Structure formats: C-alpha cells, structure tokens
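Below: a set of structures, written as structure tokens.
After this come two complexes, each holding chain A, first together with chain B and then together with chain C.
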Partner chain A sequence: MYDKHILSDEGARSVWEDGRKVGYCVNLKINYYRGLPLCCVDEIALTVDGEEVDPETMYLQHNGREYPYLDILKDDFPTDFYWLFGEKLRVVVKKEGGIEQGRHTVSVVLKTRRSYTPTMVAECEKVLTFA
Partner chain B sequence: MTTKNHDIKLGVSLYSYQDNYYFHKHDLEGCIAAAAGSGATGIEAFAEMMMPEWPYISDRFVDLWNGWMRRYGVEPVAFDHFSDRGMWKNKELSDEELVERGKLYIRMAKKLGFPVVRVLHHEHIGRGISPYRLTDVKIVEQLLPLCAELDIMLALECHAPTTLHDPVHQQYLDMAERMGMPYVGLMPDFSMYEYCVSTADVGLAVRQGATREILEFYRNSQREAYFRGEPFIYEEIADQVEKMNPSDLDRNFIGRQNHMVGTGPESLEILEQYASKLVYCHGKFYDLDQDGQVDNIDYPKVIQALKKGGYKGYISSEFEGNRRMNDAGWVDEIEYVRRHQELMRKCLAD
Partner chain C sequence: MADIKLGITLYSFTYEYLTGQYSLEDCVRKCAELGVDGYEIVATQMVPSYPYVSDEFLAKVLEFEYKYGVRPVSYGANTDRGKLFERDLNDSELVNDTIRDIQNAHKLGCKVIRAQYLLSPENLVAIAPYAEEYDVKVGIEIHNPETPSTPVMERYLEAIEKSGSKHIGFVPDLGCFATKPNIKNYEGALKKGANQEMLDYAVNLKRQGVSRGEAEQLLKDAGADPFVMSAFYDMYGYLTFHNEPDLEGLKRIMPYVFHFHGKFHCVRDGEETAIPYPEVLAAIYDSDFSGYIVSEYEGHSLRADGLIDYGAVEAVRRHLEMENRILAELEKK
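== the complex of A and B ==
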C-alpha cells in the first residue's frame, strides 16, 4: 500500500530559466507493486493550495525523457515507456513566476489501469516545502 | 548427516523485498544478496519491478545478471509474466498484441536463464475478477511454439480461490497435449491451503476501521474448525457474529474471506497426486507466528504432501505481508523471508 507515498517531498521546487521562474515541479512515486507503462495512467490530477492545475501546462519527466502530460492519455501512445517501480516521475507545471518559495498543500489524484483490475483511484495530500 | 530424501529446492521471489527496493534500501543486487543470504538457491524476479531496461534488455545487463548469479551462488528459477490487456485508455490490446507481449516475456526469460515463466492466465484468481480477458487458452496456444523452440515452461499459477484440479486450468493442459507441446504446467500458490485469514489481514482491516473483536472471533472459529479436522461452515457462527453488531467493513471483510478461504484448505491428497507433475510452487505467506510457523497455512503438511508426491523443483518464498502491514510502519521483509526459509528447510528435513 504505497498510496501515502505517491507524493514525495524530494525535489519540490520552482523551475528556472534565464534567472527567472517559469514553473515548478513535484515528484510522484507509483503506488503499485510494479512499474507501469505511462500509457496505463488514466489521470494525474494535481491541486496546489486548493487550485486545480491545468493539465495542458503539465509535463512529465522520467528516465531521461519528457512527455506532455496529455500525450500519454492518447490511444497508441507507445507501450514501452515505463514509470519505473520506486523511481520518481517528475511533474513540471509551466507557470510564469513559478511557485512561491515555502510550504504549499499539494494533492494528487492518480488513476492507473492495471492488467487484472479496473482503474484504481488513489489520492495523496501533503504539505511540501518548495525550494 | 542424513541422506536427502527429496528433490525440492528453495528459492525466493524478489517480490518479497518490494519495500526494500521501493524505498531504496536495496537495489536488485542487494535483493539477490538477501535471497542468497537466507539460504535460498533460486531467484524469481519480475522485470517491471526491478529491471528498469524492460521491455528491452542489453547484453550488458545480461552479463551483470549472470555475474550476480555466479557471485551469490544462485540460479534463475522463474520469471513473471503479466497480461496488460488494458494498456490504453480507450482501446484494449488485440489478441495478436497480447501474444506479442507474451513473447517478450518468454524471450527475456530465455536471455536471463529462467527455465520457467509464471504466466498470468485468465483464471489465475478465478473467473470474473478481471474486467479484461487476460492470457487465455487461445493466447497460450500461440505462445507454445516459441516455448518449445526456447525450452521455456509456462507455469499456470493456481491461486485461491481456484484449485489444482479446477477444470479452468485443465483446458490449458489438454490443449498442450493436443498440440504435442508439453510446455505448460501447473504451479500451486500456497494461498490455496490457507485454513484461516492471516493476522496480517486482520491487522490491516482493523486499522482501516473494522472491529478487532469480530475479526478475531471469525479467525479463531476458522482455526478451531481446521484443528478439529472439520470444514469451516460460516453459517454456524453467523448468528454469533450478528450479535456482535458487525459494521459494513466487518461484513465486507468476512464476505471476501469466505470467498477466498471458503470452508478450509484445499485437499492435500490432490496436491500429493499432482506433485510429480507440478512445474513450480509459490510458498505464499503473510505473517509468521512466534513459533516460526506461517500463521494461516499448515506448511509442514503442505511440504510433506509435495515430498510424498515426488515433487521435483523449486518452492519460492513469496512474502505478501509487506503490503498488508506497511501502512503501520516498516516491515522487515528480509527477516520474514529468512525465517520462512528456515521453516521450509525444517519441513523438508522432517
């Protein structure tokens, strides 16, 4: 039961370019006993301080690659890009000004399809300190 | 020094060490070292848990893997297959695509030296559980020629609430016989021999709000029936449970366990009859009691039946207590497996 470990307090921070904040990121770990192809993710819904994050601004970085979040939800997304068991999936939210340094309440709803179960829905909420 | 009177060897499924891996206490090599340190000589692994190169695999990884097998004095015994039919949100994999994925597992097993692939067949936990049609007899039929070419045995995991002699498994064996390709066999998961619910399940349900008193009464009734040598008939205690005012959580728990454990363990006579033809065994356990026994499966009797029936092959520890207990804190998987291997060695020596 890894639901309470989906949100990691490691690596939460603003993302910078040319000396200014252009977004922020949080890291997620999978709540299953094996890694899953990213195409088995049904939804990652992020809420920060009560405000829902626009899925169009989300990018996933994992194992040396980056994917626009909405791409992984498409039929025919490749089946061989795995969200590795125990490894962090970095979710980057593009947002001018990034996030204010300090503590923020983050919650995530994660829906995954597993080979022999219907979509599993998990929620995790934590107060994370963003660097 | 006594003479060995059996051909049974002991392995560990690395599934047992999932928290150690997930929380980065041990990497794959560390988990193999832990299995070897417990006294086991066989390794069961699955790629999606601990082999990040999956679904492709480099020669470099194969060399590393072979090096580990040699360094730790162990051998690959079983590789786990999954049936991800529902890979996309709006579209299922076709049968052809599922066959291709099945072949990926078989080829990778061959590269890494695993003689057995645990196949996630459609009925492994009974019918009607999965919303998808998993690897059924038509798909296995298309995998057998590759198994024959590579000399890989597919193991059908027979898991509670199914049984070894359940017709849902027999259809695969009949098909293999018709094709003249005997590359599929049965693999009992010891969950079939549970005589009561595990303390690990009771603990988890209680932490989620169920009533300890009711669950323990239920568990004790199951145990008493088993040790009296009688089937457990829930209806005989249903009135007493009702008097204890069960909540919905309690009722759901009892309903689920009545389905899984039923009236008691599956027949050990059947296990003995099938033993010489079995291709692999999962030594499932969730918790150990203070005497070092598995708290809800009669290991001495199960292993005796396998010995008497002439089973030749591996029994691997498959510890599943981690996911039932880790909400309450760290579960010492390494110590659980060490004690479980000790128990199985003792059962084999008796």
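== the complex of A and C ==
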C-alpha cells in the first residue's frame, strides 16, 4: 500500500544558490505505517529520466539539517533522528545547472530496515513536474 | 461484570493521515464524532517530536481534548531493536528505550502502553518499577499468530505472575481469536485471480491442522497459483485463524489484561468477517476487566483493492455499532 506514496508529487524543483542552479530535489515518504530512525534506511536509489543518480551526489535534508546520503548508512549515524510517518524527506542531488524545468520520469527504490521483519523494499516510478 | 469502555486507535486513520486528508486534529475530531472519549496514539506514527513528547505537542493534545472532549488513553510503543546496522540493541538499551516510552506516555496522560514482544519477559519485569513510579501499565501485545496460550505468551505470564506487579501484563489483539480466513486474504486473493477450489483446499489444510511445510508441499504438488500461495503464507502467519478461539487462554490471563486492541478488517451485516466478536466480547464481559477496547481498523487497502467502497470512518462506525449492539445484548441477559 505504501509503494505508490513514497515519491511525493510536491516540491520537485531545482535548488538555487547565489543565483545559480546547483542541483535539484525530490521528496520521499516512508514505506511503512510508522516512522523509523533515519539510520534504518538501508538504501535510496534514484533514477531520473533513465539515468541512475550517483549516490555520492545525494544529500538528505531532515529537520533543518543536511546529511550526505552516504553518512546515514554509516554505523555511527545517530539513532534518534526519526523520519516520521507521512513526513517528507528531501533528497537533494548536487548537479551544476540543476534540472530542466518541466516533466521528468523519476523512479526510486527505498529500502528500510525493521526490527522484526526483513528489510522492506518499496519501488515507485512517476512523472514529476520540476519547478 | 466488566467495565468496558470503547475507544479508537488513531492507527485506524493511517491511510487518511498518510495521504494528507486528515491532520492529527481531524483524527481526534473524528473520534468525537464517532462517539468515543478516548484514543490510542502510535507514538512512532503521529508524535512529531518522537522519540520524545515535546511541550508543544502536549499543548496540542490538551487543546484537542478541550475542543473535542477526547483524550489519549493508550500509547502504542515500538521496540526498535534493529536501529543499529551491525547488531541488535542489547537488553539495557531496549529497557532504556522503554523507560523513555513510559515517561512519554505519562506526559501525555496515557495510563496504558501497548508494548511489543521484542521486549522480553525479563525486560518487561525490569521496567515494572518504572511503570509503577509513573503509574503507567505496560502490556505486551498478543498479536496473530500468537494467542494467549502459545509458549511465548506462557513465558510472559509466568514472569508477570512471579513479579507480583500490577503494572505489567497483556494487551490482546482480538485478531488473535480469528476463526476464518481474513477478507483481504480470501476475497482479495479471489479478486486477483486465485483459483477458488485451490484456495478452499488451502483453507481446509489449515483447518485440519496440517503443518505449514507439509501443506506448502501439497499445494505446490497440486499446482496452486501464486495468489493462492501468497494467501496460504498469510493463513499460517500474521493473518492466521483457528477452528476455536483461544478463550480459555484469555480467561487465564484476564487478571493481567488492562486494554484490548479491537482489531478488525471488515464489518459486514453486523459481523466481523473473520473474528467472532459475540463470543469474544461475552468472555470479556464476564470478567473483571476494566478498561478500553480500542477499535483498530486494519483494512487500509481494502478500498483500493475494490473489496469495500468506504473509508476508515465508516469502517470504524460499523465496528463500534457492532460492539455496542453485542454489549447491549449481553447487558439484557
């Protein structure tokens, strides 16, 4: 039931800094009936217009903070930052020039680790309109 | 005779909350409109400041109580054993997390916590002094495929009895008394294209007590389709059913039960399609139970699957109506 909701229709856009486009972002919702600590994310794999996004260029914005995506996969990432149910987790892809305004096909694979069930894999593909 | 109050777990509104149709305030207002005065909140689902309860959130909860006359009575806790990548949390870490949940529940004014079986019997006993100090009762949820008499629950019962504490016990989920295949499981499988004869064969294997491994082989040999197999795995797992509800087991643990999850998927023609509510409520009615049965709607996907044509509010309304009717009949006897 959660798969088709993990990719939000809202807030897909280029990210601007000092008058330049330095990247773009999409918003994800958790693939579970409740929140989990961010450290329970096992993988976020993003594909835009058929091209896989390099994980090294991905950053997560949560509760006013930004983390390199690869940092949250590390063993020492804090366990108390909860990605809440229904809350949008913003994934920023750093890319000079951002993304062209308009429609793009985005697909995401989201894997989250649970305490009493195996890692759950959710997949979603949508055409999103980027601002 | 029992003192039974009816409430709702906000988990029932999961789909509406996820899709932004309902805010927390909407969920609470719906509880009032449905005629209950208490709700359960799953902390990891609807408390924005989780793992803590902020003063700001508490203020909201109090404001909603003032506006709608509905308050939180139970706190749904999760035992996040798998937070670390390289190892499971150890006992003292799990106990620490549970103590924090007890403090959260206390802050919200909840007298009951629904805990999960990942909190071991030993750890449940270890948190009893904190439960007593904060006057919050912590109950282990009995969820399918467990029933009150399964070995796991026997171990809890032994530990609880030995501890002598009145603040630890059980929260049975009425889904554990199911006597029929679940609507999603059976009708959902048919809708997807399962072969009915084969599906009935799977149901009968479960009814005859054939072991999971043996039944799996028999079905595969008979050429069961993937929809039947998927339904079959559920029948032997989280959506299992039994020929007889374990009401004897329930009677034995009743002194340690202070809260129920009124699980349901679908109430049709005044009956839950899988769980024998008249028998189960009669057993509770005849006990010394004092507390809430909170309606827990778990048919979030039934509408999208085309099995029903209404949402969570109507589902819960039907459930409460059924419970009220059964309780009124018991009253007359």
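Please note the rule applied: the second predicted complex is superposed on the first by the 131 of 131 C-alpha atoms of A that agree within 3 Å, B and C clash if a C-alpha of one lies under 4 Å from a C-alpha of the other, contacts with A are read in each partner's own complex, and residues count from 1 in each chain.
Here is the rule we go by: a contact is a pair of C-beta atoms (placed from the backbone, for glycine too) under 8 Å apart; a residue touches a chain by one contact, two chains touch by 3 or more.
Keep in mind the model is a prediction, meaning the values are calculated, not measured.
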- request: Based on the superposed arrangement around chain A, label chain B with chain C as either clash or fit.
  value: clash
Task: Name the contact category of A:Pro55: first (chain B only), second (chain C only), both, or neither.
output: neither
- prompt: Is it chain B or chain C that touches the larger share of residues in chain A?
  reply: B
- line: Note: overlapping chain A surface for chain B and chain C spans 1-2, 5, 29, 33-37, 39-40, 73, 75, 79-80, 82, 84-87, 113-116
Message: With touch defined as at the start, can you tell me which chain B residues reach chain A in the complex?
response: 15, 18, 21-24, 46, 48-50, 52, 54-56, 82-91, 101, 120, 125, 129-132, 134, 323-324, 326-327
- prompt: Inside the complex, what are the residues of chain A that reach chain C?
  reply: 1-2, 5, 29, 33-37, 39-40, 73, 75, 79-80, 82, 84-87, 113-116
- request: Sort out for me which residues of chain A touch chain B in the complex.
  value: 1-2, 4-5, 29, 33-37, 39-40, 42, 63, 73-77, 79-80, 82, 84-87, 113-118
Message: Quick check: in the complex, which residue numbers of chain C touch chain A?
response: 11, 14-15, 17-20, 42, 44-46, 48, 50-51, 78-86, 116, 118, 300-301, 304
